[in-house]
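Chain naming follows the written order as A, B, C and D, and within any one chain the residues start at number 1.
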Amino acid sequence: MGDKLRAAILGATGLVGQMFVKLLSEHPLFEISYLAASEKRVGKRYGDEVRWVLDGDVPEQVKELTLDSVDPDKIKNASVDVVFSALPSSVAGNIEIELAKKGLTVVSNASPLRLDPDIPLIIPEINWEHMKLLDVQRRRRGWSGAIVKNSNCTTAILVLSLKPLMDLAGLEEIYVTTMQAVSGAGYSGVPSVAIIDNIIPFIEKEEDKVVNESRKILGRLAGDHVVPADFKIYATTTRVPVIHGHLEVVYTRLRREVDIKDVVEAWSRFKGLPQEVGAWLAPKQPVIVRWEADRPQPRLDRDAELGMAVSVGRFEILENRLLRYVVLGHNLVRGAAGNTILIAELMAREGLL
Amino acid sequence: MGDKLRAAILGATGLVGQMFVKLLSEHPLFEISYLAASEKRVGKRYGDEVRWVLDGDVPEQVKELTLDSVDPDKIKNASVDVVFSALPSSVAGNIEIELAKKGLTVVSNASPLRLDPDIPLIIPEINWEHMKLLDVQRRRRGWSGAIVKNSNCTTAILVLSLKPLMDLAGLEEIYVTTMQAVSGAGYSGVPSVAIIDNIIPFIEKEEDKVVNESRKILGRLAGDHVVPADFKIYATTTRVPVIHGHLEVVYTRLRREVDIKDVVEAWSRFKGLPQEVGAWLAPKQPVIVRWEADRPQPRLDRDAELGMAVSVGRFEILENRLLRYVVLGHNLVRGAAGNTILIAELMAREGLL
Amino acid sequence: MGDKLRAAILGATGLVGQMFVKLLSEHPLFEISYLAASEKRVGKRYGDEVRWVLDGDVPEQVKELTLDSVDPDKIKNASVDVVFSALPSSVAGNIEIELAKKGLTVVSNASPLRLDPDIPLIIPEINWEHMKLLDVQRRRRGWSGAIVKNSNCTTAILVLSLKPLMDLAGLEEIYVTTMQAVSGAGYSGVPSVAIIDNIIPFIEKEEDKVVNESRKILGRLAGDHVVPADFKIYATTTRVPVIHGHLEVVYTRLRREVDIKDVVEAWSRFKGLPQEVGAWLAPKQPVIVRWEADRPQPRLDRDAELGMAVSVGRFEILENRLLRYVVLGHNLVRGAAGNTILIAELMAREGLL
Amino acid sequence: MGDKLRAAILGATGLVGQMFVKLLSEHPLFEISYLAASEKRVGKRYGDEVRWVLDGDVPEQVKELTLDSVDPDKIKNASVDVVFSALPSSVAGNIEIELAKKGLTVVSNASPLRLDPDIPLIIPEINWEHMKLLDVQRRRRGWSGAIVKNSNCTTAILVLSLKPLMDLAGLEEIYVTTMQAVSGAGYSGVPSVAIIDNIIPFIEKEEDKVVNESRKILGRLAGDHVVPADFKIYATTTRVPVIHGHLEVVYTRLRREVDIKDVVEAWSRFKGLPQEVGAWLAPKQPVIVRWEADRPQPRLDRDAELGMAVSVGRFEILENRLLRYVVLGHNLVRGAAGNTILIAELMAREGLL
């Protein structure tokens, strides 16, 4: 393991943290060398502190690791190569900035800073070019380290399905309604007494994230900033009694008429840097097209390509430029830990770590 | 009970049939005098044959009733005043027509014939005027009886929320995404192995029903037929792990700009014939406005006003004439048995039974 | 409402607190005059602070009430006639003792003190006689007020089914396995991510409660203390994805052979003080016998007699003195708020309030 | 693939059939060469006819296979080496007997014939010796082929946990209460409207199967028949809203006192023929001991060792010889297709195919 990159995970006991642990424990490029949790857990064994809810068990080699603090100095001294942040948004911003000041590279799933002009917000297949903002970031902020952001989970899944359409025919407006899994809210986020036999048609701040982040990710790099994409997008986000996997119903008006065959081909052929370089977590096909009348379904399709692919189905040209489809992805993998690790892997390959 | 109207229920053991039994057993105007089920059950005790899934128990007085056949002659001889049909759509059409020929009045929840020009498709608060089609029906078909239809469950809930908006500002286009309860598919319709921890983003024929029935119900009576409403409507229907209660997310572009206050007032003030005459199953408010950020929810709101009211929430003017809201209703009550019984009660009051 | 008894509810926003609110708001003998919650909520409107999860809405008259503190002096000054406690067990003990010292009568659902020798632990149909411990309590502790306890929810349901058997044939040993609803753990007790498509075969401290409380409730009053019943009882408690209603599978070896008819008759005839005096929350039949092969079921039977009756089914003499059956009850009603209010109503009728 | 054994699957579209397809499609010893389904599906593509509910997709190479008939002559002509039966019990008996008469070896998951004295009912780790009944079977019935049976799913999981205890200290009596997943009832077995937010405390014929099959499997071969084990066993079986994985709570009185350490060691060390020969589907440890207070859980533990291991937890000596524990296993794998394939693999290795 000597020549693997040393990774720290902040917020390692939470749900996204667990997925980081699961995916990194099998990753050929990284080794987990620092696990951070809240103060009261420092010094304790990861296997004892985590309330593991992913299928199977805590990876054997991680079980015995001792939880450490999120203190930037300590992390600095641990000489890690990359810091993965799954911190709660209430504390993430300051800690991540401290780490970047100290020269650490933070690849983060936390929401603060995502919309800052000099922070790359990256889905590698879509906008790897936005990584050039790191130069702007270092120049402006004077950091020796860096912060790169993963997007909101719902947004990540959505934009992967939108990008091929945008390239094909342009996007004029988008109406999206989501049905989101409970794991998207964290371990204690959705009490069972609130969601069994029920739907909660509201997720705090989620709709704004979908709107703003999708425009930034699909936007155009213009020197030192991103010009947001100019489509209109309206989002309604709901919580449903599903463990993992966000399903999204999308109506989108394209800028020119297309044939459904072109749409399917655009999705099927869609590829990006991760596929070109054959990254470990790169799905062969980032967008899988399902022809069955009743797919995609969360339980059947969320784990497609280890959870790194999104699945689209129920596509239909309803009228002229109006396309309807359904897209599904794994909120903890492509929507969180998986996409974040993919960013870091590509950074490593490009000498950015 | 001597002067109550004698009611037959066809398809009495199914889920909609159970709701007919529950509501009619407490109804001051009707008494259940004939229960029909499939041939193999004829002669057996209702309490033994029904797999009751509604809360509580089979009403005591109905438990002991003997199941009878759907044979039109037998029903005719039972001298019932009204026939409620919860028959499966595969057999409903022919049987209902036979009954109407024999002089019986059939108020039906089954889908066949709903779009026939001379068949009234009724949500009493919205289009009671369409009952005038009964004259056309009798004239054209030469029936001494009659057939009146209740709409598809998803449609009933949707149009109750749309009608006040149409009256207020006109409807240009509607994008609706539904999350429908499993009881909408009948007792065996959705196997648990298919829906626990899952969503099925497809319900056969449902989207066409929403499109066509909503246009007819909200259409204008023009002599011997209904001119469908001229809005565009796009529907995506999905099945979720919820027992009762369909939730629908609606984006609608109105024909003129309105203030959100006007929208709320339009919903709150909305009333129709059932409220005017004080029908037993008439909700005081057909459309209940919920101001909480996270309402309506199926488990909390489906039973509002005995399940006869729909609840709206999350309303917001997104841009100019574009309104977004969520509407919820009980698919077996307002969406099926309840609305059907309400039609019959009003027919009785108007001397049409 | 002037001559109703004034009731305080401590812990009014929690799940048991919500059930207290629901039941008391309809109760002919009590009026809610004081609602207490944790400090951060004091001064706020109940309707705004409660995350209501019971069917329907917060009762209109309670919505507007202002939350007050659990401070014993304040409660004392509010001159309430009875204090219902739904406090978390971590804080309940001290507060309740303070209140009793100040002369208030506390009828409590919280677990501390339940096994103290001078604290009556009451299921009114079973052991109302144990209320005589109040004299011992006052004498020993010098309180002008008093504390009476409701039992653990699982225990309450179990002992209602056991008492008729004990009277009939004596109990030698009991093996019980429970499947408990998530509402038994409080609003945030069971995260959905932990329980959807799952069972958790462990509930902290629950098994000891079942063992010790059932022996006390079914024990014999001997002067100043209760001699615990001398049967052996073994309990395994699990959590299942059900909202309300605990189901318990019971194997019990009786002390003498009986016929199953005698068992059924013992359950059916079982009555106690609440039935004799016709208390408002008294179920006509505390133990309902279900003959169907597949009952009782939580969703169908939990609300029997407003949730105050338990339902038994699947009874069978397996061998000689070995009886197997299943019992189900509503954990928040008979297992918590309902039984507690019933105790208070009977105290009022007997001049103990 | 030329030298793999050719396998037929009867009932290939059902849930157990799907698991046969999944496991055999990856098995190094077998290839799927014949897929049989009901008449109406014959001639159709497997991928089109199956309503796949297992995670992921139909294996690519199986998707294109054409469904064939269960006609014994046709199967005979297909020159398969082994027939796996997942037929419904209503038709399984006759078809399997016809196949055995024609010289085919049937390894069957269907319930008919399981208790016949000359039919081996096998859990390979426990009673492989019972395979000697095949000689008796051939002699008595004059078959050139043979029938071997897999046990009921609940029983398979239970006896794997009981066998080490029986060997350690003898079994006197067993009280078992099960919480069974919906997939145990087949695709349409449990309607969602019956089980969401609910428990059904009854599974037809299941309790007798547990009692009789566990006695046979744990019985002693005595020449031409099995002498059933002489413990008393009482079973209560319930259905819960869980997709896969049966959880069973066991109280058992051993024949002599033991230390809990001995119990744990007996489970941990337990091994049998599959482990000795290193069969492909053999779990390294057939019984996994979980020390956490809240394990095993269906969602976390059902897939342990590909679903071929059972997990035990919550073990405790309650009193003298009375042991309590919880055991969990995957009903479709160890409880059905997995165990059946393991039998066939061992038969192949021993020259019985």
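The definition used in the following text is that a residue touches a chain if its C-beta (ideal position, glycine included) is under 8 Å from a C-beta of that chain, and two chains touch if they have at least 3 such contacts.
Because the structure is predicted, anything quoted here is derived from the model rather than measured.
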Centre-to-centre on C-alpha atoms, which chain is most distant from chain D?
B
The chain pair with the larger count of contacting C-beta pairs, comparing A-B against A-D, is A-B
Distance between the centres, which are taken as Cα means, of chain D and chain B, whole angstrom:
46
Centroid from C-alpha atoms only, then distance chain A to chain B, rounded to Å. What do you get?
42
Determine the centre-to-centre distance between chain A and chain D, using the mean Cα coordinates as centres, and give it in whole Å.
40
Going by the contact rule already set, what residues in chain C reach two or more other chains?
53, 196-197, 241-243, 299-300
In their complex, what parts of chain C are in touch with chain A?
15, 51, 53, 182-183, 187-197, 241-243
Would you tell me which residues of chain B are touching chain C in their complex?
52-53, 55-57, 196-197, 243, 299-300, 303-304
In their complex, what parts of chain D are in touch with chain C?
175, 177, 179, 197-202, 232, 234, 236, 238, 240-243, 247, 249, 251, 293-300, 313-314, 318-319, 322, 324, 326
